[in-house]
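Next up: the structures, one after another.
Two complexes follow with chain A in common, the first pairing it with chain B and the second with chain C.
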Partner chain A sequence: MEFLHAVIVLSNFVIIPAITYGSQLALGALGVTLVYGILRFSNFAHGDTMAFGTMVAILFTWWFQSIGVSIAPLPTALLALPIAIVLTALLLLGTDRVVLRFYRKQKSAPVILLIVSLGIMFVYNGLVRFIIGVGDQRFSDGSRFIISARDFKKLTGLDEGLAIKTTQVITVITAVMVVALLFWFLNRTRTGKSMRAFSDNEDLALLSGINPERVVLYTWLIVAALATIAGTLYGLDKSFKPFVYFQLLLPIFAAAIVGGLGNPLGAIAGGFLIAFSEVFITYAWKKVLTYTLPEQFAPSGLMQLLATEYKFAVSFAILLVVLLFKPTGLFKGKSL
Partner chain B sequence: MSEPYLIGESMTGGYGNGPDILHDCTVSVEPGEIAVIVGPNGAGKSTAMKAIFGMLSLGEGKVKLDGEDISKLTPQDRVLKGMGFVPQNQNIFTSMTVQENLEMGAFIRTDDFSVTMEQVFNLFPVLLEKRNQSAGELSGGQRQQVAVGRALMTKPSVLMLDEPTAGVSPIVMDELFDRIIDVAKSGISILMVEQNARQALEIAHKGFVLVQGRNAFSGSGKDLLADKEVRKSFLGG
Partner chain C sequence: MTDNIKTYLLFAAVFLLIVITGFIQSWNSALFILNMGLISAVMSLGVNLQWGIAGLLNVGIMGFVGLGGLATVLISMQPVPEAWNAGGPRILAGLLFGVLTITLSVWVYKKIKNARWRFFSILIFLVCSFFVYKSILTPGVVAVEAVNPAATGYLGGLGLPVLLAWPVGGLMAAGAAWIIGKTALGLRSDYLAIATLGISEIIIAILRNEDWMTRGVKNVAGIPRPVPYEIDLQASENFVNRAASFGLDPTTASTLFVKIAYAGLFGLVLLVLVWLSQRALNSPWGRMMRAIRDNETAAQAMGKDIKSRHLQIFILGSAVCGIAGAMMTTLDAQLTPGAYQPLRFTFLIWVMVIVGGSGSNLGSILGGFLVWFLWVQVEPIGYWLVDLITAPMDPQSPVRLHLLDSVAQMRLLTMGLFLLLMLRFYPRGMIPEK
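Then we have the complex of A and B:
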C-alpha cells in the first residue's frame, strides 16, 4: 500500500508532468534541429517564433469564443491552431525573404546567421509584446481534467490522488502524431528525402538537381508548424507569457544539443532527458521518501535538490557536461 | 574529322579571382570512349575537370557538348544537359541508405527511374545487397560504386569521375576500372582524372597529360604508354 502510494505520488507530480513537458520540449527542439541541420545555423529566434504562433492561436481562440464556436470538451485553441500555423509560416517566410536570404546568398558563416537570428528574435519579441502585452494569458477552456485527484481517490479508495489534465493528454497525443508525421515525411517522401540529402551534403544535393530554395521553403513551413504546436501546447498546459517563451530557448537548445544537433531522433530524446532531469531535480521528494523508506529514515526536510527558480541551471549543467565530453550529442549529430 | 562529343577547348582560368591554373588546356572525349587526364600533383587535372563541369569561371576558351556551347551554364544546368559528375570527396550522402542515394541521383527525373536503378544494381551487384544500409557504413570501394551509381541515375551521356580509385586497394581498383569499362561500353562517354596513370592509360582510348595547367602530351592510351618521354617523366620508366 505504502509503495503504491509512492508510485501514485511520483506519477502525479513527476512522471506525467515530465512526459508532458518533455513532449513540448521535443517539438521545440525538433524545430531548432531542423534549422540547424538544413539551414546550418542556430536559430535563437525559435523561442519567440513559438511565442508568436501561440499568440496568434490565443487571438483566434478569443475570437472563436466570442462568436460562440467551441469544440468542447477539447480546448478551442486546437481549432485556432491551423490558422496560427499558417500565419506563423507567413511570418517566417517573410523573414527569410527579407533578411535571411540575403545572408544565404552571401554564404555567410553560421555565426553571422546566429547573430542575425538574435536580431530577428528581438523583433519577434517586440512584435508579440506589442500585440498581446507582456502579461500572463490563460486560454485553456473545455474540460480541465480527464480524471481529477478527488475522483481518483473516490474511485480507488486510496489516500493519494492522481490527476490527469486534459491538456497533458492532448499534448502527448499531438506530439506523437506530429513526430510520426514528420518522420514519415522525412523518410518516405521525395521532398523529405531531398531535405535530408541537402542537410547531409549540400554540394552533392546541388549536383543532384535539388533546388535549395525549395528545401528552405519546406523547412520554414515545417518549423512554423512545429513551433506553433509546441508553443500552443505549452501555453494550454501552463499559461502564455512572452518572457517565459523567451526563456524556453535554453532548455530547447539544451535538448537539441544533448540529442545531437541536426538529428531529429536526438532532439526528441534530448527533450525528454532535459524535462525529466529538470522535474526530478526540482521536485520535493519528501512525500515519496516517507512512503518508501522505513519510518526511522523518513526525511524531515523537503528533500528538494534545487529550488524550481533554478530549474534552468539543470539545462545548463547538462549542456555543459555534454559539450565537454560528447560534443556531437548522445545520438550522432553535428558538433557545434 | 568532326568535332568531339564533349570538349573543353583552350581553357584558361582559375578559382575565383586567384591566379590562372589552366593555360590553354584542351580536353575532349567521344561517345562510348574513355578519356583520362593524368599528370603530376598540382598539374590542374581536377581543375580541368571542374572547369568542364562549370565549377570555375573560364577566362578564355569554351566548353562544348554535342556541338552546343555550354560555357555559360551552371553545373546544375549541365546535369540537365546530360553530364554526370562524381566528385573526389564527399560524393555520397553518408546518412542515407544506398537506395536513397540512388533516388536522390534521379531527383531531376520526373519519369519512372526504376529501370535505371535496376541497371545500376546489375552493374554493381553489391549495392543491391546493401540497398537498405546506410551509405556511410560501406567500405571505400563500395562508396565509390554508390557515387558512380548515383551519377548514373540521371542517365547521363557523359560521366565525369574525379579520381574514382583514390584510397581504394589495388584489387578494388581493378574492379572499379572493369565497371567503368562496362559503363563506357553502354555508350556513355567517360572523362576521368586518375593518379594511377599507368592502369588508367591501359583502359583509356585517349589520354591527356597535363603539366602546370598545360597540355604536355595527348594521344591514345597506347601511344602514351609507349611514348618514351611520357614513360620517363610520368610513369617511372
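Then we have the complex of A and C:
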C-alpha cells in the first residue's frame, strides 16, 4: 500500500508532467534539428517562432470564443491551430524569401546565418510583444481534468490522488501523431526522401536533380507546423508569456544537441532526457521517500536537489557532459 | 585618408546626436546616454575582440556583465558582522568543499584510464559529495538569510573602494570564461554559442536566487560611489559659487557634475582599453589571431596552437565585458538581478558590434554609442510616430490605445530590422576592418 502510494505520487508529480514537457521539448527540438540538418544553421529564432505561432492560435481562440464556436470538452485552441500553422508558415516563408535566401545563394558560413537568425529573433520577438503584449495569457478552456485528484481518490479509495489534465493527454496524443506523421513523411514520401538526401549530402542531392528551393520550402512548412504545435501545447499546458518562450531556446537546443543535431530520432530522445532530468532534479522527493523508506529513515527536509529556478542548469549540465564526452550527440548527428 | 575623415565624421555625427538630445530633451538625459554609451562601447569592444578578431561566437555576454555587477557588491559593500557570525564560516567551508570535490574528480578522471570505471566512480563520488556539500552549506545559508532580512540578510562585501571592483569584475568574468572555454572551445562554433547562452542564464539564476550573496530579487542598493554625492556638493559653498558663475542652480549643477565625473572615469577606462586593443590588433599577436580566424587549417599548419589562442582571447574579451558590467552597476549604485535580460545585455551588444563593424575596434565603439542612442530614443520617436499615424482615429479607440501602449516594444523590432539591414547591405559595418 505504501509502495502504491509512492508510485501514484511519483506519477502525479514527476512522470506525467515530465512526459508532457518532454513531448513539447521533443517537438521544439525536431524543428531546430530539421533547420540544422537541411538549412545548415542553428536557428536562434526558433523560440520566438513558437511564440508567434502560439500568439496567432491565442488570437483566433479568443475570436472563436467571442462568436461562440467551441469543441468542448476539447480546448478551442485546437481549432485555431491549423490557422496558426498556416500564418506561421507564411511568416517563415516570407522571412526566408526576404532575408535568408540571399545568404543561401551566397553560400554564407553557418555562423553568419546564426547571426542573421539573431536579427530575425529580435524582429519576431518585437512583433509578438507588440501585438499581444508581454504579460501572461491563459487560453485553455474546455474541461480541465480527465480525472481529478479527488475523483481518483474516491474511485480507488487510496489516500493519494492522481490527476490527469486534459492538456497533458492532448499533448502526448498530438505529439505521437505529429511524430508518426513526420517520420512517415521523411521515410516514405518522395519529398521526404529528397529532404533527407539533401541533408546527407547537398552536392550529390543537387546532382541527382533535387530542387533545393523545393526542399527548403517543405522544410519551412514542417518547421512552422512543429513550432506552432509545440508552442500551443506548451501554452495550453502552462501559460503563454513571450519571454518564457524565448528561454525555452536553451532546453530545446540542449535536447537537439544531446540527441545529435540533424537527427530527428535524437531530437525526440534528447527532449525526453532533458525533460525527465529537469523534473527529477527539481522535484521535492520528501513525500515519495516517506512512503518508500522505513519509518526511521524518513527525511526531514524537502529532499529537493536543486531549486526550480536552476532548471536551466540541468539542461546545461547534461549538454556539457555530452559535448565533452560525445560531441556528436547520443545518436550520431552531423557536425559542420 | 578619406577613411579617417569618414571615421571622424561618423563619430562627430553620433556626438552631435547626443548634444541635440541635450538641447531638446535635457542635459541630464544626454549625459545618461553618454555614460551608458561609454559602458556599451566597452562591452562591444570586448565582444569585438572575441568575434571580430578571433571569430568566436559568445552569446553569454549577459553572464559576464552580471559577474561584474556581483564583483561590485562583493568588493564595495560593508560586511554584515552578524551574518558572518551566523553562517559565514559554514558557507565558506561549503564552497571550499565544492571546489575540492570538482578538483578531485578532475584529478581522478585523469588518473583512471578504464572508461567505464572512470564514469561510474566519478558519478557516485559526485552524487555523494553533492549531498555532503548541501548539508554543509544549507544551514549556513538559512542562518545568514535570517539575519535582518529586510535590510541585509546577506554576508555583505569587503567594504573596499568601489573602483577596485572594476578589475575584480574583469577577473571574475575571466575565471568564468576560462571554465567555459576549457570545455566548449575547440568544438564547433554553434556549440560555443549554446554553451555561453547556458552559462549566462545560470549566472543570472545564481544572482537571483542566492540571497546570502546578492540578496536576490530584493536588490542590493546604496553601493558606494567613486564620485561625490549631490547632497555634499550642494552643501559645499565653493561648488555653489562655481555653479552660480555658470548661471546654474546648485541642484542641476550637482547632478550634471556627478554625471560628468562618471563620464570622465568611464572615458578613461575606454581610452585605455581602446589603446590596448589597437596595439594588440596591429601587433604580431593580432595578425596571428586574424590569420587563425581567416583560415584555421593554414594557421595550424604554421604551428599555431589554435585552441589555446582561442582560449586566451575568449578570456580577454569576457574580462572586458566583466569590467563593463562592474562599471554599469557602479553607475546604477545598485545591483538588480531581476533586470538582466538577454535581449538587452547579450543580443543588443551583438547589434552594436555588427552595426559598427566586426573586426574594427573603432567601429564597435561607434556601434556602441549609436545603437545605445537608438535604443533609448526609439521609444519617444515611436510614440510620436504612432500618435501621428493614429491621430485621425477616435482618441479612445482600442486599436489606438493598444498601439500607444505597445510602443515600448518597437525598439526590439527596430533593432532587429537595423541588424538585418546592416548584415544585408553593409555586412562589414559602418567602419569596416582595414
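The rule we apply is simple: the second predicted complex is superposed on the first by the 335 of 336 C-alpha atoms of A that agree within 3 Å, B and C clash if a C-alpha of one lies under 4 Å from a C-alpha of the other, contacts with A are read in each partner's own complex, and residues count from 1 in each chain.
Basically, contacts are C-beta pairs under 8 Å (C-beta built on N, C-alpha and C of every residue); 3 or more make two chains touch, one makes a residue touch a chain.
Since the model is a prediction, treat every value here as computed from it, not as a measurement.
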Answer with first, second, both or neither: which of chain B and chain C does A:136 touch in the superposed model?
-> neither
Mind working out whether A:204 is in touch with chain B, chain C, both or neither, as first, second, both or neither?
-> first
Identify the partner contact of A:193: answer first if only chain B is touched, second if only chain C is, both if each is, neither if none is.
-> first
Just chain B (first), just chain C (second), both, or neither: which does A:118 touch?
-> second
When the two structures are overlaid on chain A, which partner does A:2 contact: first (chain B), second (chain C), both, or neither?
-> neither
Chain C versus chain B, contacts on chain A by residue = C
Common interface residues of chain A - those touching chain B in one complex and chain C in the other | none
Please name which positions on chain A make contact with chain C in the complex.
-> 41-42, 44, 99, 102, 110-112, 114-116, 118-127, 129-131, 133-134, 243, 246-247, 249-250, 253-254, 257, 261, 305, 307, 309-310, 312-313, 315-316, 319-320, 323-324, 327, 335-336
For the chain C and chain A complex, residues of the former touching the latter | 55, 57, 59, 130, 183-184, 187-191, 193-195, 197-199, 201-202, 205, 208-209, 341-343, 347, 350-351, 354, 405-406, 409-417, 419-420, 423-424, 427
Taking the complex as given, what residues does chain B use to touch chain A?
-> 75-76, 79-80, 85, 87, 90-96, 100, 103-105, 107-108, 150, 154
What part of chain A is in contact with chain B in the complex they form?
-> 190, 193-194, 196-197, 199-201, 203-210
